[in-house]
Amino acid sequence: MLNKEELSEIIRALVPEVVVPEGTQLPEFIVPAENYFTLVEKLKSDPKLSFNYLISQTAVDFQTNMTVVCHLESTNFRYLVVVKVVLTDRENPAIDSLVALYPTAEYLEREIFDLFGIRFNNHPNLKRLFLEDNYGYPLRKDFRDEINIIER
Amino acid sequence: MSSNIYDFSSLTGSIHSWLSGLMSSGWVIFSEMVLVGLVFLLMYALIGLFLVYLERKVCAIMQNRVGPNRVGKWGLLQTIADLIKLLLKELIPIRKSDALLFNLAPFIVIICSFLAMAALPYAKGLQAIDFNIGVFYVMAVSSLSVVGILLAGWSSNSKYSLIGAMRSGAQIVSYELSVGLSLLAIVVFTGSMQLSTIIESQANGWWIFKGHIPAFISFIIFLIASTAEINRGPFDLAEAESELTAGFHTEYSGIKFAFFFLAEYMNMFIVAALGATVFLGGWMPFHVGNWEGFNLIMDYIPSVVWFFSKTFFLILIIMWFKWTFPRLRIDQLLTLEWKYLLPISLLNIVVIAFIVLMGWHF
Amino acid sequence: MNSIVEYFTDIFKGLSSLWAGMRVTGKYFFSPGAIVTQQYPENRATLKMEDRFKGEIIMPHDANNLHACTGCGICEMNCPNGSIEILSDRVANAEGKLERVIDKHIYHLSMCTFCGLCVKTCPSDALAFGQEFEHAVFDRSKLTKVLNLPGSKLRKEAK
Amino acid sequence: MSEEIIKDVIVGENEDYIINMGPQHPSTHGVLRLEVCLKGETVKYLTPHVGYIHRGIEKMCEANTYQQLIHLTDRMDYLSAHMNNEAVCMIVEDALQVEVPERVKYIRTILDELNRLASHQLWWCAFGMDLGALTSFFYGLRDREHILDIFEESFGSRLLHSFVMPGGLMHDVHPNFQKRIKDFIKYFRTKLPEYDQLLTGNVIFQNRAKGIGMMSRETAIGFGVTGPSGRGSNFSCDVRKIAPYGAYDKVQFNEILETGCDVFARYKVRMAEMWESLSILEQLVDNIPEGDFTAKMKPIIKLPAGEYFRRVETARGELAVYVVSDGNKSPYRMKFRTPNFSNLFVMNEIASGYKIADLIAISGSLDLVIPDIDR
């Protein structure tokens, strides 16, 4: 069982652009958007890590940027890591899709697209999941709906 | 035999002679037909309503429930209330459906069950028409209802209905064989297809007891196959409410739906009556060998009671099946027929023929 | 030969497993005492709800038509659905000071999700859960209730 | 609706025969729509459509305080309401570094298991009914009633009991709590063998359930299928074992794993889990320590700025909660990774190629609760 430092050493060796913030609950790795897919692919295929289970994939709107957050677990070694991508372009955020690695990402990414409007490159079927096509992106902080949402 | 104290032939004979005194023979036959038709119509409605009520109560008690208990004493009028509701409901026309066939289908189904009722012997001397091919006639007529089901499924212009109808077609066509072969076993024993002859031949014991193990096996096969033939659970694939919502009658509403519903229960009554007649001695009382006193007491129970109690016993068993077992899948249904029931009943017929040839039966 | 034996043991096993299921339903069929259905409208007299049952929010009043609500508004603040509205007045008391007194404690039953936060957080234990559960009415406005009875006053604790 | 809009639809030989299963269909267990393409009776492919009851719980959480949003989580997976509550409460306790009393941990674990039992019972009813055995539905509901009565006595509500608060419980359990649970365990131990006689051993049931809906371990992990559905494919995903919470580190229990990968394996996992839950309850119910029912909490909870992640095992799989806090009294972003979301979307993978009747069995074996998907 590797501890947090050893894990970040290994991952830093895989993709050197990774930034490891301090003082987080789980091992966290912030990666540039262009290295995102490569990193996750290596995390999954590396026999020492084999992060084969994508627990959750979501996004957070920090108003200055959009952050895509992935929680990955390795079912063999029970490591849990967080991979983050900061997207500074809030108008047209786009990122690589993980569908090729994890089939569950297809629907998680559709949900993110539905609620945040983040586009996923190479996604086989990027359509809205829950809402209508012209609804807007409700989980963005600047989303306003005077009719249906009552502000308190 | 002293079992003719409740003979209905004297009653029917006296009605016939009374009518003959009033009018010419052509009119006698016509008025008798009207009379019998009215009696059957009344009986059909009463039995149908009671069976619906019975089914609800039986399943409720099996499931630790009370069942209908609001309308009337113990909910006895519940089905009548339901019938009134169904009569008042709107008949919804389906867009792009074949209107003629769509409206025709419920009538075909219900007429088939009417026809079959005519040949059943309800008591000694109480039978509308005693064909010499009675068994064959009942089977042939009751299997006609598949035409109605296929028409209903096809003409509704609904995909669920179509799947249900196709299932029903495959199911009835294959299970008809097993029903026929299991009835054939008793026909071989008696040497006659006439229902009255079959009953008379059971005066000294029912075929299920007299016919050794082969008769029992054909009784079991008859129960299974006839349950399948009338589209009842666990073989209710044609309506399969968890898969096809309501199968072939998804698009029907109001009284047209009620026709399907009633016909299903009447078909159950018909196969149970046929099974009771052929295997359990029809209206023949239960006799045990040389117990004269016991047999005499049994003779005092009217033959109508015997017939209906045997029929309802079989109906209860069929209901018991439905409320216990999960539904089969279509391929398993056909596997059961072609791999198990059909070979066994064929083998059974051969064994029975051998027994009859050697004269080993009582 | 083996397959023939298997064929018949399959039939036998299948039939016996079916019989096991039929025994269960048959057992209940012949023991109507096992019926568990409660016949609801008839058993109203004997139907006793648990004393913690969350039926609706009530404000208990004592025999002198006094309640404990000071109108502080904590329940209104804590309600996640906005189902409580408090209309309070300022009334001069005996010493001439202005004191806050509730005018109406309005409770919208139609918006309540029975989370219990108002009862839990009330500092003076003025609210409680009632046992009433038959809330169906013909008019939606009847679901808006005023919890403090007309003419009721704040119970002054003996100092 | 005008006549012109409706055109004749002619299904040619090369066109797919598509039927819509749902949103109002007896066996989709909620407002789920499955667009099923059939060839004869065989499913060629299917597409799930969700969102009919999307309520935006994640958005609503952003406007509520941590105490207030507890009652929203009840309404995600209403059959494991208690586990959902507990997940949020534990994340708050983690962030504030509050140590909850032992008594609270024990009671929470007991409630977890009771809730799991109630949920599995309801699944058993519904699964029997999906396969056409209607009697099983009433037997399961009859026994579930006993658990709901225990809930009602202690928390006042039967299904959506927002009973767990950050830091502990809303109030203490009823004095009868232990006795009633013991009675229930005794009662249910006599009823579970009946379930087996009625359904498990039945030859028709076994033929319906065996060998269909094959989901390999890789598929289960790839699609994130957790809970009993995943464990039926030998995917060890029980959070109670991986990261014990509550009093799960103090009890002996087995993680049920089956290697069958089919519907029957998933069925067996759930049946075995009911026995396992009974044994966990037996170990805990007599050992509830005395003490407070809540830790000292401030009336206004403000989570320190940061990100928190917590997983619990609900009756249907792994529920993960991810909170981003900016130091205010309500979360900045709250994400629920709900088990049914992943469990649903594996349907196309495991139901293609089987009969339409098997599709019902497969969706029943995944034990879907639709509000959990739509959130």
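We call the chains A, B, C and D, going by the order they appear; numbering starts again at 1 in every chain.
Operating definition for what follows: contacts are C-beta pairs under 8 Å (C-beta built on N, C-alpha and C of every residue); 3 or more make two chains touch, one makes a residue touch a chain.
In this text the structure is predicted, and so the values were computed from the model without any measurement.
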| Between B-C and A-D, the pair with more C-beta contacts | A-D
| task | Name the chain whose C-alpha centroid is farthest from the C-alpha centroid of chain C. | result | B
| query | So how far apart, in whole Å, are chain A and chain B when each is placed at the average of its C-alpha atoms? | reply | 64
| remark: Expressed in whole Å, how far the mean CA point of chain A lies from that of chain D is 25
| task | List the centre-to-centre spacing of chain B and chain C in whole Å, with centres computed as mean CA coordinates. | result | 51
| said: Just the number, please: Cα centre separation of chain B and chain D in whole Å. | reply: 45
| message | Multi-chain contacts only, two chains or more: what residues does chain B have there? | response | 62-65, 323-325
| task | Enumerate the residues of chain D that touch no fewer than two other chains. | result | 135, 142, 198-199, 202, 204
| note | Where chain C touches two or more other chains at once, the residues are 18, 21, 24-25, 36
| field | Touching chain combinations (by label order) | value | A-D, B-C, B-D, C-D
| request: Using the touch definition up top, name the residues of chain C that touch chain B in the complex. | output: 11, 18, 21-22, 24-26, 28-29, 32, 34-37, 39
| field | chain B-touching residues of chain D, taken from the complex the two chains share | value | 6, 8, 17, 19, 25-27, 38, 41, 128-135, 137-139, 142, 198-199, 202, 204-205, 207-208, 355-360
| chain D partner contacts - residues on chain C that touch it in the complex | 13-14, 17-18, 20-21, 23-25, 36, 50, 52-54, 78, 80, 113-117, 120-121, 129
| query | Quick one: in the complex, what on chain D touches chain C? | reply | 64, 67-72, 135, 142, 145, 152-157, 160, 162, 165, 170-171, 174, 194, 197-199, 201-204, 206, 299
| note | Seen from chain B, its contact residues with chain D in the complex are 59, 62-65, 95-96, 159-160, 163, 167, 233-234, 236-237, 240-243, 245, 323-332
